[in-house]
Each structure stands twice: as structure tokens, then as C-alpha cells.
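Each of the next two complexes has chain A plus one other chain: chain B in the first, chain C in the second.
Showing the complex of A and B:
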């Protein structure tokens, strides 16, 4: 049976390799050697179809673990479903859940708490991380050793970190209070970081900063290392002062990396749960109740599944919207 | 503008000796071209003058001041880097304006613009001023790098193969522009090139470097007509000078210790009056349009000579060769009489 030569042409590799005569011959030979049955089965597929077959497993997984739950959550958010009463009648309530959430002061308070937590941690960690990276980038003696030391907190599990900071924050036996009292002279047991309305948020910010500054440092360091030495040499010959070299070369060229660090930390801390849950559980009262804690309380303590689904969707849309705006800005900076 | 003087300067990178005890004086307002094969230490010499490398030994004087230990800003030089070194996050305009914007210079933005526009126009990049420095062709990047050097009035201009990426036409134009600027400003320029036309036409003096040492320094004519050795002789001239064993031309008179005979292509004539120096056969002819290159066999040796564009010679023809003003080199390659 005569085969149309189209098959060999359809082979995509030929677009990459310019001298394709050898490939052409090879492909022809393979086509001739392929049993008719197989060839007919494969020949029925276009390149597009083959491409789809290759990416199908990924797409199916993505649908199963991301898209499907999302759609289900949206569906649940429009009902009064309660997971602890599976047999109760499920009623469609329209957008009632959304209305109630947006009109609820406690929810707004927890959103504000989240916002201040995110802004505080990002600001501190970015400035601290960039400064550390700038210092480490000087390549002083033993800088590799210090880099490793600085990175250790990041490698620990949040559960471990949460637990041992609980110990450190113990007013009676905790090291933290003693260190503070050593420097300020205040009585160690005169304050409790986790139990004080004014201090609890700072306690969490300190732990998060301790744990994740290494991460922002690492990304900032990558940014600083991406600036080639010859740029600095040119600037030096052009008689730019160290100050000007920092502001007109170091910072703008590292900025995309810094912004990336901000993005990663921002998303991560917007959905911060584990550390807050371990340290304060949202307390005292609900002073440190960030959005994800509220969500967990509504979903698994009050069992208001539909209501909390709606809240989850609101949070998702918020992160997604803010993230998209930010990524646009990031791309603009990169293209500058 | 200033004079430069290198006194016994040495520089090693770990076990590689890049510059070996280099002595060189560049007069105020002089255009000095450095020639040399790759790895000869040309870039290193420029970097030493700029202060981007520290000399291991010796001293560097600029405008009568010992600058050996001074950082680059104190030396007041501009540098056209071999690899351009543009600021990638800035526009072409900002790249060129960068040296003018140092707070110490206090130029108004109008003055900056006037200078940048002037330089950009000269380098034919005025239509690219708004481009990002990375959105340029290699030749355009190179011109921006030149622009960044020319926008300022430094004590010394250092240029590392500044025209290497440009096409022949632009290169010829900019060669003239650079020479004009140098004359107008009385600028001191230390210039590296591989291009012998650039070296011959622009240089007040040429310095030939080899393996980190200065082999010869002198005016282009001196270097061309009286090279110290066969290496320098081969550095200038295109096609290259013919270097053949003395024995190939037994009837050319010359000093007895000569081992090698050097004949520049334009100094070989054929079928002239008098006794022939040698006889050769035409192997092939390269037609260049304005001239022809004849490739000849003389005995077992090959040589190249020039011929008129309308030459009637053909492959296989035999010709009588006459050498004019041949150069003689001894067993070490040194020119006899140098």
C-alpha cells in the first residue's frame, strides 16, 4: 500500500533541525518499517491530537485536584449545606451567604487583621532580606558559611517552629522574655507575648520574620548576583558614587527579584494558617484571627459549610485579583 | 587632556602573566593604537590605566600624578569596553547621559540633552534613543558604548576595539569622526584594534604587544617599513608580508647572517628590467575588483603578490620576480639592521 509522504513531513523535529535530509530519510525508513495496522492507527491522529494526548494526564490531574473542588465550592457557597448534618435538606440560597459575609463586621475585622499581618511581614522581611543579601553579596571571608546558617530557619517545619517559639515566648521559662529583659531591664514575667492584646500580632510577625527572611534574602541574593560585575565597572569609570551605583544600578536591576519575593511572601501570608493556629489560635480573643483562622472556625467548628465556602471564594477572588494586578506591575518592571 | 605613562607595570592573574614589566609613554593629545594577537594583554593594559585592575608592580602616571593606587573615578578616564557593558535596564538616552548626570557635574537636563543628541547624531543612533539598551543590534550597542565615552571630556579615552562590530561603511565613517574629534579636542586616546586600516590611518603611534610585553612602538610608517622582527612585520600588511627562507632567493644581495627574507606584496614586481630575483608559477588568482592577489609557487615555497585588476596572467603562467627593498631577518626572527 502506498503511503503518502505527509507522515514524515508532519514530524515536528524537522522544524528544529535545519539539515533535515537525514531525518527525512530516517523518518521515511521508520514509516516503511512500521506494520500497517499500527501506522493506520497513528496516522489517523493529527499533531494536535498527539499533543493533547501528551498533556492530557496533567490536565486531568489539574481538573481533579484544582478545578473540580473550586467548582464544587462555588456550588456549595450558594446553598445552606452543613457538613455535620449530611441528611438535612439542602436549600439553594442564592447569594445570601455572600451578602451575610460582606455585611459581617467580624469578617471585615479578620480581613483587616490579615492585611496588617501581610503588610507588616512583607515590609520587614523585604527590607531585612535585601539588606542581608546585600551584605552577603560582598563575598567576605566565610560568606558561604553564613549564608547556610541564615537559611536554617526556612528549612524547618512550621509546626516545629510554632511549637518551639511557644516555648521561647513562655513568660516564666521562655528565653525570649529573658533576652528582652536583659536589654530593656523590664521584668521577664511582666509581659506575655502571646497573651497580650497589643503584643500577640507582633509575636507572630517576629516568628514569621525569623522563619522567612532567609527566603526573601535568597531571592534578593539571586537578583544581586544577576548583576554582572562589568556593569559596576562601567559605572565606576563613569564616576558614579557608591550611593548612585546603588540607586541607579543595584536597586533597579534587582527590583524584579525583590518584587517576586514580595509576591511569594504576600500570597503565602495571605493564607497564613499553621503558625497562627499553633501560636495563638487567633487569640487572645480574636485579635490575631486572620482570615484563614476565621474560615477554619466557620467551616469546622460552626460547620457552616455553605457560608464558609462563600468566604473561601471571596478570599480566593481577592488573592487572585491582587495577584494579577501585581504580576502585571511586575512584568512592566521587568520590561522596563 | 593629559599624558599617560606606564613605568615597569606588571600584572598577573594567578599563574598567567598578562603584562610583563611594561614601559610606555603616551603624550598629551596623542592617538596611540595597541596591536597584538588575542591574549596579548591589550585589554589588561587599558584596564590598568583605567584603574579597574591593580598593578602588581610598577606605577601608572596620568597628567604627571602617580595614579597607581587611585580608584577609577579619580583617574577621569572613559572606557569603551570590548563587551560594550551597557546598562541593560536603561534606555539608550539614559545610557549615554549616565556619565553626565553625576551630582558633581551639575549639568542642567537641557545641557545633558544637547550633549546626548549631538553624540547620538554623530554615531547615527538618534532614532534609537528611546530604545532599551538590550533592544539593539550588536553594532548599535557598540555605538551606544562609544557615545557614552564621547559624551564626557575626560583626561584619557580608552577604547577597546570600538568599531569591531560595525559594517565596513560605518566603520570608515566613524574612523574619520573619531580622528576628527581627537584633533578638535586634542584628546589623548589609547585605542585597541585588530584592524590594520584603523591602526595605520588613525594612529600617531602604534604599540605592538606580544605576550604582555611591548615589542615595538613607533609611527605607523616606522612599524610598517622598519619592523624590529618578523612578528611585527607580519602584523601589518594585507595580504601578509611574504616570509621565505633566504635560500629561495640566492641571487638577491643581502647580509650574510640573514636566514629569512621578507617581501611585502606590493614590493614584488614581475617581468621588470634587470636580472630576475627568482622565477615563480601562478597557482591561482583572487580577483578583488580593485586589485588581484596572485598566489605563486617559488620552488617549494608559496608567496602572494599584487597584480593590476586587468592583469592578463592566468593560472599556470610563469613569471620573473623582482624584490624591492626586501627585509632580512636573522635566525631569531630579528630584523637585521633594526
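Showing the complex of A and C:
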């Protein structure tokens, strides 16, 4: 190798050579101290094998916390196992649990409730989130402060949110009823958000929207901030109207981010449990009983573990299938 | 490239390539999944709900397989 000129280095070349020789001596000492058996084994390993040794702990952890429970759930779904009777005989029932679930009208109704909840919340949150992001992106005076204020609900625990919204929805003392009566003129105690069959679903949708619109806004804001200014400048030179700029530049370029927000919220709301459980518990009757609530009732109130495992697998395959096609669509939009 | 692939005639190879292209098969799998999800959540007819999981499962497994087809 050609020796570099002396002034090209920050340190004199001799000192580097000396350091290298020290390092070499150190390495030799370590090699001598290594037991023969270990040295032979390490020398025999390829780079690929060493790489596998390093990533093996992570893979084992992933298998233990993701794949193993999944396989176990599939296995349980084919049995009549009940977790409250661990010593009872476990029989293989084949696909009978799946047949029962797919022939049960109550579960069919809970799937419809889940669909209504997911569609309503996603539509409202996406429109509101994008609108808020569009306004915040204009960088008005104090926009950073308002962004932080808007983001606060998202940072709260669902347990806290569920509890204080229960107080807000109280017909006698709740603030929500008073605000509604202020605008509509109706008596505050004439309606109850959580106890009315027609209003209970909307009560949950309002809370979920209040809590998670900031999240949608944040993702949309990232999309809007990623659009380069020169595109808008070129559009202004071409005398494009604000409406035209929005439809031809802003929306198409922010669309992958909006789709990402819809994907995240869609998956989350499909398996929504905590908020519904805290606010209505699935009631009144079973009008707000989404799939996760039914699943919990079957698993931990009726103790039909095999049956609820089959239901969990149905939900998982549905979310997985939807997620796959959504990610495909997202990639296609990004490539455009 | 394997010996079998080398021995294949160009006509056979092009037929297989034309049949097993990712694009159209992915569309088929996507439509199957979407149809299955609609069947699962529609409020109109119980038998559609009963067969929904089979349709979703077929679509999802199909999607995983066809995503490995060449472009």
C-alpha cells in the first residue's frame, strides 16, 4: 500500500505504526489466552454464522412473545378447553368452535357494531385530523403552543379518559349535557348519552375522536411538512388557485401519510376494548358490544377458552388480511 | 439457474410467466379479502356471514402466496 504523505495525518505516522504494533501484541496475547477448543470453534464460524449468533436472542424473544402464543391460540381454538377447569379433560372438537361462531347471530351483530364504530371514527378522525394539520401547517403566531395543547388528549391514559368522560356524560352533573342544552335548548337531564340506545355509540365515537384526532393530525402534519416549497412556488408562477393547489399538490402528496393514519387507526379501532369497556361495557343491552367486548365476555365470563380462541383467530385473520391489502395500496400510492 | 429451468422451452417459460404474474393475482386476492370482510360485517344475510371467514382466509393465504410471484 502506498504510504500517505506525512502532512496528511493529524498524528505522526510512526506513532500509528507503534500503536498498531501494540494492538497486534494485545491481540496475540488474547489469542494465546483463549482455550484451544474455543479458538477452534470461533475460527470455524463464517460471518453468516456470527451474524446469526448476534440476532438469535431477538428472534427467540419474538418467537416466544408473538409466534408461540399465536400457535397456542390456534391449537386451543380446536379444543373445548376451559381455563377455569384446568384439570378437566380437553377434547379435540375440530372446527366446531368456528362453526358455532359463524352461526351465532349475537356475534354477527357485534361484528356489525364493530364495523359501524370503525367506519364512523375513521371518517371523522381523518377529516378533522387533516383539517387541523392543514391549519397548523400555516405557521401562525403561537402555532407550536396550540399544537401542544391539541396533542394533550393523545398523551392521556385511556383509563383516565374513560373515567372523566363518564363524569362529563352524567345527565345531572355532567358538563356535556349542559353544553348541549346551551346550544339546543333541551333540558340537560332530558337525555343520557351512555344510557340511550341511540346515543351510546355516538358517546364512544365522540370520546375516541377527542382522544385520537391529534394522532391523525400529527401524521397528516408530517405529510404536509414533507411537501417541498418549490412545488407551491411553481404552481403560483402558473397562477394556480388555492383550491387547485390543494387538489393537485397538497392532497396527492400527503395521501400516503393520510392512508398510514387510516391504517393505524383502523387496526386500533377494530380491536378497541378499553374505552368501550370503561364507558358503556357494551351496553345499554348489547348495542355497543364490539367484537373485543364479546371476546372478553366469552373468554373471562363464560370461560369458553377454546371458543374465544377461535373468535380471536377470526379477528386476527381479518385484520391481517385487511392490513396486507392496505399496505399494498399504500406502497402503490407512494410509488406514484 | 437450475438445470430444469435451462431445459425448459422458451414457449413454456413464457406461458408460466404470463400465467403467474403478481399483478393480476394480487388483484384477485385483494378482491377476495375485501369481499370476505364485507360478508363478515354486512347486516343483510346470515349465510354470507357464515362463509365470510373461509373467504377471508382463502384471500389472505392467496395474497401471501401471490406476493412471491414475479412482477
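The working rule: the second predicted complex is superposed on the first by the 297 of 336 C-alpha atoms of A that agree within 3 Å, B and C clash if a C-alpha of one lies under 4 Å from a C-alpha of the other, contacts with A are read in each partner's own complex, and residues count from 1 in each chain.
The working rule: contacts are C-beta pairs under 8 Å (C-beta built on N, C-alpha and C of every residue); 3 or more make two chains touch, one makes a residue touch a chain.
Because the structure is predicted, anything quoted here is derived from the model rather than measured.
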Practice item. With the two complexes overlaid on their shared chain, look at chain A and say whether chain B and chain C clash or fit. Key: fit
Exercise for review: Classify the contacts of A:325 with the two partner chains as first (chain B alone), second (chain C alone), both, or neither.
Suggested key: second
Exercise for review: Using the superposition on chain A described above, determine whether A:314 touches chain B (first), chain C (second), both, or neither.
Suggested key: second
Practice item. In the overlay, answer first, second, both or neither for which of chain B and chain C A:190 touches. Key: neither
Practice item. Give one of first, second, both or neither to describe whether A:249 is in contact with chain B, with chain C, with both, or with none. Key: first
Exercise for review: Report for A:163: first if it touches chain B alone, second if chain C alone, otherwise both or neither.
Suggested key: neither
Check your understanding: Looking at the overlay, does A:111 come into contact with chain B only (first), chain C only (second), both, or neither?
Key -> second
Review point. Given the touch rule stated above, what does A:240 touch, chain B (first), chain C (second), both, or neither?
Key: first
**Study point:** Shortest CA-CA distance in Å separating chain B from chain C in the superposed model
**Key:** 18
Point to revise | On chain A, the residue positions that both chain B and chain C contact, one per complex | key: none
Check your understanding: Contact residues on chain A for chain C in the complex?
Key -> 98, 102-103, 105, 108, 111-112, 114-115, 314, 317-318, 320-322, 324-325, 328
Review point. Hey, which residues of chain B end up touching chain A in the complex?
Key: 50, 52, 71-73, 76-79, 81, 83, 85-89, 98-99, 102-104, 132, 148, 152
Check your understanding: So in the complex, which bits of chain C are touching chain A?
Key -> 26, 29-30, 33-34, 36-37, 40-43, 46, 49-53, 56-57, 59-60, 63-64
Check your understanding: What residues of chain A sit close enough to touch chain B in their complex?
Key -> 230-231, 233-241, 244, 248-249, 252-253, 336
